[in-house]
Amino acid sequence: MMVQPVLLIALPLFFAFLLPLISLWSKKVLKYVVMGVMAFNAILAFIVLIEALKAPIFDIIAGFQPPLGIVLMVGPLGAFIALVINVAAFVISLYSATVTKEPLLKYYMLSLLILMGATGMVLTGDLFNLFVFLEVTSIAAYGLASYNKDRKGFEGALKYVIMGSIGSSFVLIGIAIIYAQLRTLNMLDIATRLGEMDPYTKIVAFVSLFLGFGVEAEMFPLNAWVPETYDGAPHPVSAMFASMSAKSGIFALARVIFTIFAFSNYLWFVVIMGILTVFFGEIIAYVQKNIKRMLAYSSIGQMGMIIMGLGIGTVLSVQGAFFQMFSHAMGKALLFIAAGYMIYAAGTDRMDKMKGIGRNPLIGIPLLIGILSIMGMPPFIGFYGKFYILMGGFQQGYYAIIALFLAASIVEVAYYARFIKIAFEKSERKYPAPNIWVYAPLIIFAIIIVLFGIYPKPVMDILSHVAAFLAGGA
Amino acid sequence: MSIVNILIQSTLVALYLFLAICIGLLFMGIARKVTARIQNRVGPPIYQNFIDVGKLLAKKTNIKHNWIFDFAPLFALAGVLLALAYLPMGGYKMLSGTGDLILLLYIIAIPALGFALGSGASANPNAGVGVMRALTLMLSYEMPFLLVLLALMIFYNTASLSTLLEKQMSFAWGIVALPISALAADIALQGMMMEKPFDIPIAPHEIASGPLVEFGGKYLGMLMLYSAGSVVLETTLFVDLFLGGGVVLNPATYGVVAYVVNYLVWFALIFVVWMIAVFINAVFPRFRIEQAFKFYWKWPTVIAAIGLAQAYIMSVFLGVIP
Amino acid sequence: MTDNPNPLPSIIPEKDWKKIQRMLSKRSLWMIHFCTGCGAMEMPPTMTSRYDMERFGIIPMATPRQADLLLVTGYVAVKTLKRIVRVYEQMQDPKYVISFGSCPINGGLYWDSYNTIKRLDKYIPVDLYIAGCMPRPEAIMDAFLKLMKDIDEGRADGWLRYRKYYDKYRANQMRVFKRWDE
Amino acid sequence: MEILGIFGIFVLVPLIGSVIAYLFRKYAVAVAAIFAAVPSIALYPFYDTNVSRIINIGVKLNLTLDPTTWFFMLMLDTLAFSALLFAIPYIKKAQGNFATLILVALAGANGVLMARDFLSLYIFWEMMSWATYLLILRKSGEYARRYLLFGVLSAYFIIMGIGIVYYYTGSFLYSATTGIPMSGWFWILLFLVLGFGVKMAVVPLHVWAPYAYCAEQPFVAFLSGGLSKLGTFGILMAMYSIAGISILQGFGTFRGVSLFGYPFALLGAITAFIGTVLAIFQDDLRKLLAYSSIGQLGYVMVGLGLGTSLALGGAIFHAFNHAFFKSLLFLGAGAVIYRTGKYKISEMGGLGYKMPFTFLFVLFAIFALAGIPITSGFISKWMLYEAAIAKKFVFIAPLMLIASVGAFLYCFRILYGVFLGQLSEEHKDVKEAPAPMLAAMFILMLPLVIFSIVPGWILGWISKILVSMGLKPLEYSTFAYYSPIGNANMLIMWIAFMLLFMVSMIIFMMKKARVVDQLDNYLAGEAPTQVQLHAAHNFYKPLKDTWAPVLKYSINRAYEKFSQFFVEGFKEIRKMYTENPQDYAAYMGIAFLIFVLVGWWLL
């Protein structure tokens, strides 16, 4: 059967506005409805992926032919990232069941919207839609970030709003420049006719788009909002940011770099931005005492690694980058969920107050698996991305940068090891046992991490399409 | 190698070992006599140590603390005999064709280790302190001694004692070729024999004869046999390394006569080496253990290093190949 | 204290074996001198070059395990006696005791002291007394020769007596000691 | 299982076993022991075969089981099995994750040994590394982190090596390393040797070892005996199989020894010396053994560096011996600790009378460690010495020899402090170690004795390895072995020793001896009932005083200062994120300008 990828976007949107009606009938079912929608979406994404593996899908909306009309351009990689986002969204939605703070209705609407926006950003083939979906994602994210209605929440949200809006205005400028010069918004069309642009303006357009999506992609130095927003947001929301909005942002970035402007001589600069992101992310994470901030900075580091992988720009490294998106989405979501439980159980977010919290195997084992995966230890999925990015770097001969990167990741290992030590050391303190909504998602993520870590063949097969993507396709 | 041959060889080896122990006891008696003469005394008869050993072995009662206590006499005597068996005496190879200097070096450790085990098995603190001193002393004198061995092995380009003897006979004795090393070796030998000023481990007036404190009767008797053997062992080691093992006639040409003559020469040589040790022993006070360590790792080591340098230069740069 | 049987009955007859043993043990008397009193002063000249006792194979030993001959040099206080007995019991048979001076014989000038013993012989078997206060080195040398003669003729059998009348000796000892461990 | 072949037997069985063992909460270790026994038994059919297999899990794992791998795997699997056997009584709580992690480490180790391409090498290496880290975490929490950091450091050195290979060849296969220039080879080998050297605890990369070896003894036995040999194996493969002797000779030679290898040989000799000296002064039994194994691996490093046929053979043989005697020592220490609950040597004493079998096993291990010729520990040391002396190396040889003399000192420290001397009051009723522990120790003792009588067998296996690496085979017969400058015949030595032992036995048997109590002892006439006679505290004080000026320098402290400096720096950099939106907006502006300018400059 032929699945319309548009469903992936339409379904959450539709249900997001259906939710108020449902809530009139009963508030209890909301979360189950959302879970159902997201589960169905995940299955849909899987089918789309299978379709897309046969051939890239071009789904034209409202009959206008490209380059005029708006179009969904679903390549294997897009479908893959969409699948990752949807799966993450579904599993996180299980954890969202622990959120009890009113207004639940708004929470669920916004979480559906952020899913819709993120998926849209990945699937769309049209620059302006990209901007629209970016806006949807960001605005939903702003709402969710300040959902706790406390000082931290508002402060984080405010900074996110400022940075995010500057970023999206950059994007708008970039789009405007391009449209002014080329009179089209379809990506492939732009890519083919890029030569007609005046090079200097082209750079400006590129940089605008690059920076605009860089905000979502947590690129240095545009990532200052990350720690506070992640810290202030509710725990499921931090997980969503890490695994959904950030991923869509980085994928958009990848599109900008490869599909639209296929510069080769600009890439080394991207690499430098990537390594800077890694470096500052990791070493600042080392000195954090607050667990969610530590995770936030470490996810900055991870995103920097992905940017590096994109910038290195060999097939191998870009495969690594995409694998890293997958592993980071899974691992970091797991860690944020675990962190949420810990903060709830320990009653504080300071790590040194969490002695022995991991000694309960239901928490401890998934936590350990997640951390090892983020550290890049085989046989967990975190390893392959890191290794491939490094090997790609070696192909290009970026020795110094890789040495710097390895130094940074030794720092990463150091602070995660410190956390493991605290989490597993002996203490007589008793912590409340996690309920199913906490450990079910943890275990699902852990299983995914181990499974694809031991047998990564399916992912590798999907990533073998990277070459085509680099060539400027979808 | 026929069975008869093996039997003849082994009886010869047994004979040589028996003689070696007797010579050792005799030498200890001579040492007592000489020391007495130096101190203007009459001194005991030179066969005194035979009597002592006999008396000790004939004691009516013997005590031990536990089964590990028995390790001392057994390992000590067996080990020293084994070590002697790997040492050419008066040109007779014994087993030294089938085991080289480094094997010998480690076999020498067997009696020491057994002795240490046995004395450790008595709960007497003096024993522990004594063994500690003995091991520290060993670490001290091995430093120059190993450098000396290295110099010899590099210069004569062999680690096998029998080959070393042949090369010394054909080329020149070690003391002629490497006099500096010979000097260092002799200083090390004083410590190896635990004669004054290095009799720190068995200092009777400080730690009640250290490791020996709990041994009496047959245990002490066998340990006396062991020390008699080790006297011959150490002197012979020096003679074999530096004085050509006393080989003056080539057994290949002169046959049995050569063996007899060489044996006598060897006896004279080890007597000389032993007398040097005894004279030093008779006139010196005792070092403290840390003084001994500092002493050995300072001057003898420097001398031995110079000797090693000489051997190295001669064999590598000047190309003197014995 | 069990006696060990003669190890080589088949080779050497019992009688000759005893003779050989006596001959050996008389020619090498290793002594441990227990310096209880002034008698100790007389040992150095006896050892050193004036009257060199080593020529008879007599040399001082560090521990009773190695010694055959116990010298009690001078008066014996009760407290000292305890040590003397222990040292004596740690020595290995055959073992001999020589006591110096008049004090171990009859208390000497400590005869009315409240904590010295009068006769050492009540507590451990003494093979030979050297009278005098103090005995001169000549006397000591003479004593040694006498002891060697006794050993040769099998008269120096203190250790056998101690073994035979062990409980009597122990009873005498316990009469003066209150407890063993102090 | 036949479908997956060697991968199935040696990697999957332990992995599956690790999951299954975790489910048997109370009997986990016993089950794990069974699963560890499978590979060590399944190994024997593969003797002198050459099986390879490619497993495709998305990345291709090229695995091969050839004599080299077989030899090392024999060592490791036996160790793992006996360590788990020992652990059955030893591990009381949280058996599940102990058993699991040991098996994961074993699977990783087997993988490393079988890997014939860098990717799978790295995968299995890291698997082994983190499993080990978690095992250390069980006992000594703070220091586990130190181990992990050094483990990761080594992994990253290895990654650098791999990367440079990949840069030149574009392939991960060991076999595909042709056409790499000498400069490339230099960096590859340097990084690989450093990386594996960390696992071998070569000075100055050794600081993790003394703390890591304070974990549970059965595991430490496996770590020190087995896993550290992966470093040996790695260097062996890197230098003599991947690069090959001709490349090494290409760096220029000094008396037939590669100029690349010689510095490492010297470093190994220095390691042997430093490790020994530090071991002499330890009072903690586990730390003493740790430093001693640092020293012993220094010998192996010497052999690997010299790389003549004799030296390399000696290195492999010494690695084998060290695997067995050091694990035996750690297990013996474990048995003592299990019975007494004490770690300090000065607090033990006299246990040899209560635990005779443990004492005998440890005694044999110590003979092997000290190189007493009645154990195989002597032969490997002999080969290394003769290799160094035959080449006239006047710096390496003395260091090794004096280090082996120093080994006597700490060996006696263990013997006297733990097993001899006075049995203190509180240990009056200590019992012999339980049967599984004794069985495990016995298994480890056997090779040390057998190969000392019949060295020919193992020298044959080693010669196969050497030949497969393009070196000359060793000169040996069944009982004897030869070097350019000497020879030794173990059979004659054994017979002579036995005969002479009988002789002294006869003299000894002539008289019976009476057993007296340990307090009936010459104490200048005193015979107290309650007294501490054990002279084991600060045993080598005079020596320590003489060494004091040298010992006050510590590599450990240098590392701590270094890391402190960096943490301070991080605190400074953290100030960059002023929690102030204006600054962040400014950052964006600046970034925009820089990007655009760079872009224009690039045009």
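Should a chain be cited, it is by its letter among A, B, C and D, assigned in written order, with residues numbered from 1 in that chain.
Simple rule for what comes next: a contact is a pair of C-beta atoms (placed from the backbone, for glycine too) under 8 Å apart; a residue touches a chain by one contact, two chains touch by 3 or more.
The model shown is predicted, which means the values in this text are computed figures rather than measured ones.
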item	value
Chain closest to the middle [Cα centroid of all protein chains]	D
Pair of chains joined by more contacts [C-beta pairs], A-D or B-D	B-D
Centroid distance [mean C-alpha coordinates] between chain C and chain A, Å	97
Whole-Å gap separating chain A and chain B, where each centre is the average of the chain's CA atoms	78
Centroid spacing, where centroids are CA-atom means, of chain B and chain D in whole angstrom	36
Chain A-chain D separation of Cα centroids, rounded to whole Å	43
Shared interface positions of chain C, touching two or more other chains	4, 63, 65
Residues of chain A touching at least two other chains	none
Chain B, residues touching no fewer than two other chains	59, 61-63, 208, 213-214, 217
Touching chain combinations (by label order)	A-D, B-C, B-D, C-D
Touch list for chain C against partner chain D, complex	2, 4, 7-8, 34, 63-65, 82-84, 86-87, 90, 180-181
Residues of chain A touching chain D in the complex	155, 158-159, 162-163, 166-167, 170, 199-200, 203-204, 206-208, 210-211, 215, 221-222, 224-225, 227-228, 265-266, 269, 280, 283-284, 286-287, 368, 372, 377-379, 383-384, 387, 390-391, 393-395, 397, 399, 402-403, 406, 409-411, 413-414, 417-418, 420-421, 424-425, 454-461
Chain D - residues contacting chain C, complex	510-512, 514, 520, 522, 524-529
Complex contacts: residues of chain D adjacent to chain A	56-59, 119, 122-124, 126-127, 129-130, 133-134, 137, 141-142, 144-145, 148-149, 152-153, 156, 159-160, 162-164, 166-167, 170, 567, 569-571, 573-574, 576-577, 579, 581, 583-585, 587-588, 590-592, 595-596, 598-600, 602-603
Complex contact set, residues of chain D against chain B	350, 352-353, 356, 359, 363, 367, 370-374, 378, 381-382, 385-386, 389, 392, 394, 397-398, 401-402, 405-406, 408-409, 412, 415-416, 420-423, 480, 483, 485-489, 492-493, 496-497, 500-501, 503-505, 507-508, 510-516, 518-524, 533-536, 539-540, 542-543, 545-546
